[in-house]
Amino acid sequence: MESFQEKSEIIKVEQLTDDVIRLTLHSQAIAKATLPGQFVMIKVSGGHDPLLRRPFSLHRTDGKETVQILYKVLGRGTKILSEFCAGQKLDIVGPLGHGFTIKKDKPTCLVGGGMGIAPLLFLADTMLNSLEPQNIIVLLGAQTKAELEPLAGGFEKLGLVVETATDDGSLGHHGFVIDLMDKFETDPSREMYACGPYPMMRAVARKSEILGWNCQVSLETMMACGLAACLGCAYPRKYGSGYVHVCKDGPVFDSEEVLWL
Amino acid sequence: MESFQEKSEIIKVEQLTDDVIRLTLHSQAIAKATLPGQFVMIKVSGGHDPLLRRPFSLHRTDGKETVQILYKVLGRGTKILSEFCAGQKLDIVGPLGHGFTIKKDKPTCLVGGGMGIAPLLFLADTMLNSLEPQNIIVLLGAQTKAELEPLAGGFEKLGLVVETATDDGSLGHHGFVIDLMDKFETDPSREMYACGPYPMMRAVARKSEILGWNCQVSLETMMACGLAACLGCAYPRKYGSGYVHVCKDGPVFDSEEVLWL
Amino acid sequence: MALVKPDLQVDIGNLHLQNPVMTASGTFGYGEEFASIVDLSRLGAIVVKGISVVPRVGNSPPRVAETACGMLNAIGLENVGVERFVSEKLPYLRNVNVPVVVNILGDTTEEYQDLASQLNDIPEVAAIEVNISCPNVKKGGVAFGTDPEMAQTVTRTVRENCSKPIIVKLSPNVTDITVIAKAVEDAGADAVSLINTILGMAINTGRRRPVLANVVGGLSGPAIKPIALRMVWQAANAVNIPIVGIGGICSAQDAVEFLLAGASAIQVGTANFINPRVTEEVIDGIREYLIGQKMESVQECIGALKV
Amino acid sequence: MALVKPDLQVDIGNLHLQNPVMTASGTFGYGEEFASIVDLSRLGAIVVKGISVVPRVGNSPPRVAETACGMLNAIGLENVGVERFVSEKLPYLRNVNVPVVVNILGDTTEEYQDLASQLNDIPEVAAIEVNISCPNVKKGGVAFGTDPEMAQTVTRTVRENCSKPIIVKLSPNVTDITVIAKAVEDAGADAVSLINTILGMAINTGRRRPVLANVVGGLSGPAIKPIALRMVWQAANAVNIPIVGIGGICSAQDAVEFLLAGASAIQVGTANFINPRVTEEVIDGIREYLIGQKMESVQECIGALKV
């Protein structure tokens, strides 16, 4: 797989909520090469503090010139990132990792929570090349309506039906996004795609296992390089001893491959 | 002497040349307390890299609300500083150090080179409280007209006569600012005030010594604290062993006090 | 006085502190330098710049250099000497209601002895911190602090000449910090403080010369925090006397890491240069941390790391 | 081939390099990982991830933590083992026209011996770098590299079983690096490389647990550069064999500092994670520096520090 290191110009900065930002970057090489579920590593500081790049999933791409990432301001690195303006350049490395495997003609369910929704839009968009919209179910959860609404909009624009859940009940189901899966229990087998907080993905993985459905999950770990060089991003395998490496073997894994802690 | 640590809002950023910037900061405590020749220490990075504050002389103050610094973008710290915009805040400590001693009623000559001109405007302004304009000679040097002109303007506005020298001859005398001192050799004793590159100050100090004039110079050293705590800013004394400390005993010294290397 | 919750008081041997935040020697002058910015009376203790028997002028400049998240210094132990310290610097501190810890240094055991006995008679001195990172001139310039026997000899000498609490400040430039910590514990130290600076170097490539006139200098600041924290944790597991954690502390969070690792108190050094107000912020932040963790006293936090 | 000026070639014992820039073990995978970003054939040499006799799965996560201008790692020497390394990883490197240095590690002297003799027969292996920072399981887990005698024994063992150039990679966690450097020189090392990571620690205050599952880890990155540079300078003044400088190198300027201090070559480690292109930038920058300083060859720069 080919990766690139580019100085990408920031085309657009969209502040979706107080702490959620969508960045559009000019990056031909990455736009052309990337697949859904892959990620980029971004250098946020000009100096050496913070030292490490920060990983972000690709949220969308036009396949030609631009890529988008969608992120939440959490700590020091994302805070610095949030201070960049359109016109400035970011040092980015990507596309990295092993993304989602699209199962042609198979009914599908996308489950996203919070910023885990980011890569699912790219996935849904790509899926529509080989799947009918009615075969794609999208279940999205977040803390509040303010956070969820702008994210859900992208899927609706693709002509997909979106079901939502919020922690505070301000949009859709009041509770966990996983609850929305209940009504599909009698459905024929679906391919599940989950990205979100760890407990959510574990719940989706368990439910899929019970139903006998296949489930792909996108994991996060601390990453130093993103290039399969440092071996820092280890996550325990389900079978045998040893670890998978999230930046290379993942971030997307078959939920059966990994140990749920 | 009282010093303060403040989060000062940037009121104005003026780009005087490609790499010379004048910053106006809101800083009541420092504006009220400062004397000509004193300096501030500014934290340029939000993180720990670069780690140390950077020292800058006070260029002007309204004595009530605002202070100005005038600086040149040299290395990493000043580069970061140059990216701040009006409205943002800077963590600044000051006023620091021992400034110029104004000798009432004594004919005076100010000699400034490059960014060394910065503190001389504040000095000239203050001097005018106790000295007639015709008793103040201002000699300024810089590399080019582009750099020197905006700096000289401030003195002219105070009603002072300014003589200039540039390295490339684009303004005033083609050569060193020290050459402008030649014609005063037959004058009665003047109090000299010099701030600029080390070789310039050494030349002014030597000439003053020959003429038997008193000379005050503003020295620069690497500074870690600016607070007389680290003892890093040592500079050799002329008499006896040991060192002066530029941040506390200076930055302004009697040229007879220190050893010229 | 009603007990304020959470309770921040700690004891370092017989040295009682209202809170665990001290200033590190050489980074806070003699206290007065920070008086207009910091409320000195809020500090746990002030550790003053290292004092020798006779005044020292220090090294030639340049004495400091900036490094990635750190700085090098080769001040060369410039100080006013014990006599002038007592006559010129202590009187100011007497009026600030805060314990004064005097950092001492010497080139020979005799110098440490001299300092210890002189300071033992001064009531304003709350405790002595023995800097053993200095070169032993009689042993060819090897630092006292890198040899367990020499460290022990210095400690014993100070102990025999001084009844005040003695904190021995350890050098990190050793293979095994626990060996030195145990050696000075056995020799009668009431506490150990660590770490002093780590030997480092920087080069000006254009001039092809060392940046520091002294060629090498001591590295301090946030860069060294992970090393300092590891050594504090190792020392805490090796000795029974209290530990004072030092090295790169810039925030309450940093300070709490040291407390959790087993330090009973901490010292803030280089951070005073970057954020003169830092010590007060650390005190406030430790209190907030304890409240957040529902701890009634800082004692609950000391050594509370779960491994 | 016409000699390109300035000449960047250096020799590390019998290991000839087109330029002094190598990648540090464990930070560049097995080379292939960087092939789409770096022109591998431009490198002085590639040092691969440390290899053991049998594969190792490594430590539990979290394995890495960010620190001020540095990072901690406790990968736990995860690697595919020497057999799979030779069958799966070397073939790719054979096609890249660049010397491959194999970093080896073991828990016993026998393991080092086994690795040395196995690799001695592999023509694609240009040199061996012996990582002696590993714990000696027979001596209670004390690192080989912190004891001069153990370091010597390992070096001698490798020397006796291998006719390729041997670079012994030193641990910085020692009181006096020159003692270890001399010990391995005496035992037949062709060169020494230094430094490996410095033992450090980080704590998650909210969870009151170490950030790394392994509790402690190795500190690397720009934070440690001043320490590494000092040790390289000390070692260069103590031994006669070539020195490979490592530690926090992020730019050509950093690399030149090590060359001036006496290193004949350098390795770029953590910086590969931050700026994958860094090695090529360092090569270009060294050339520019030499031109700027009017030096015809990098040899003029090595050890040219004026003190």
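In order of appearance the chains are A, B, C and D, and numbering begins at 1 in each one.
Methods note: contacts are C-beta pairs under 8 Å (C-beta built on N, C-alpha and C of every residue); 3 or more make two chains touch, one makes a residue touch a chain.
If you're wondering where the values come from, they're calculated on a predicted model, not measured in any experiment.
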At the largest C-alpha centroid distance from subunit C we find chain A
Interchain centroid distance [CA atoms averaged], subunit C/subunit D, Å | 34
Euclidean distance of C-alpha centroids - subunit A vs subunit C, Å = 48
Between subunit A and subunit B, tell me the centre distance in angstrom, where each centre is the average of that chain's C-alpha atoms.
-> 54
Going by the touch rule set out above, which residues of subunit D reach two or more other chains?
-> 67-70, 221-222
For subunit A, what residues touch not just one other chain but two or more?
-> 48-50
Among line, ring, star, complete and other, the chain contact graph is complete
Footprint of subunit A on subunit D - complex, ascending | 26-29, 33-34, 36-37, 49, 57-71, 73, 75, 78, 221-222, 250, 270, 272-277
Report the residues of subunit B in contact with subunit D in the complex, numbered from low to high.
-> 48-49
In the complex, go through subunit A and note every residue touching subunit B.
-> 45-50, 76, 80
Listed in rising order, the residues of subunit C that touch subunit A in the complex are 68-69, 222
What does subunit B use to touch subunit C in their complex?
-> 1-5, 43, 48-53, 91, 93, 221-236, 241-243
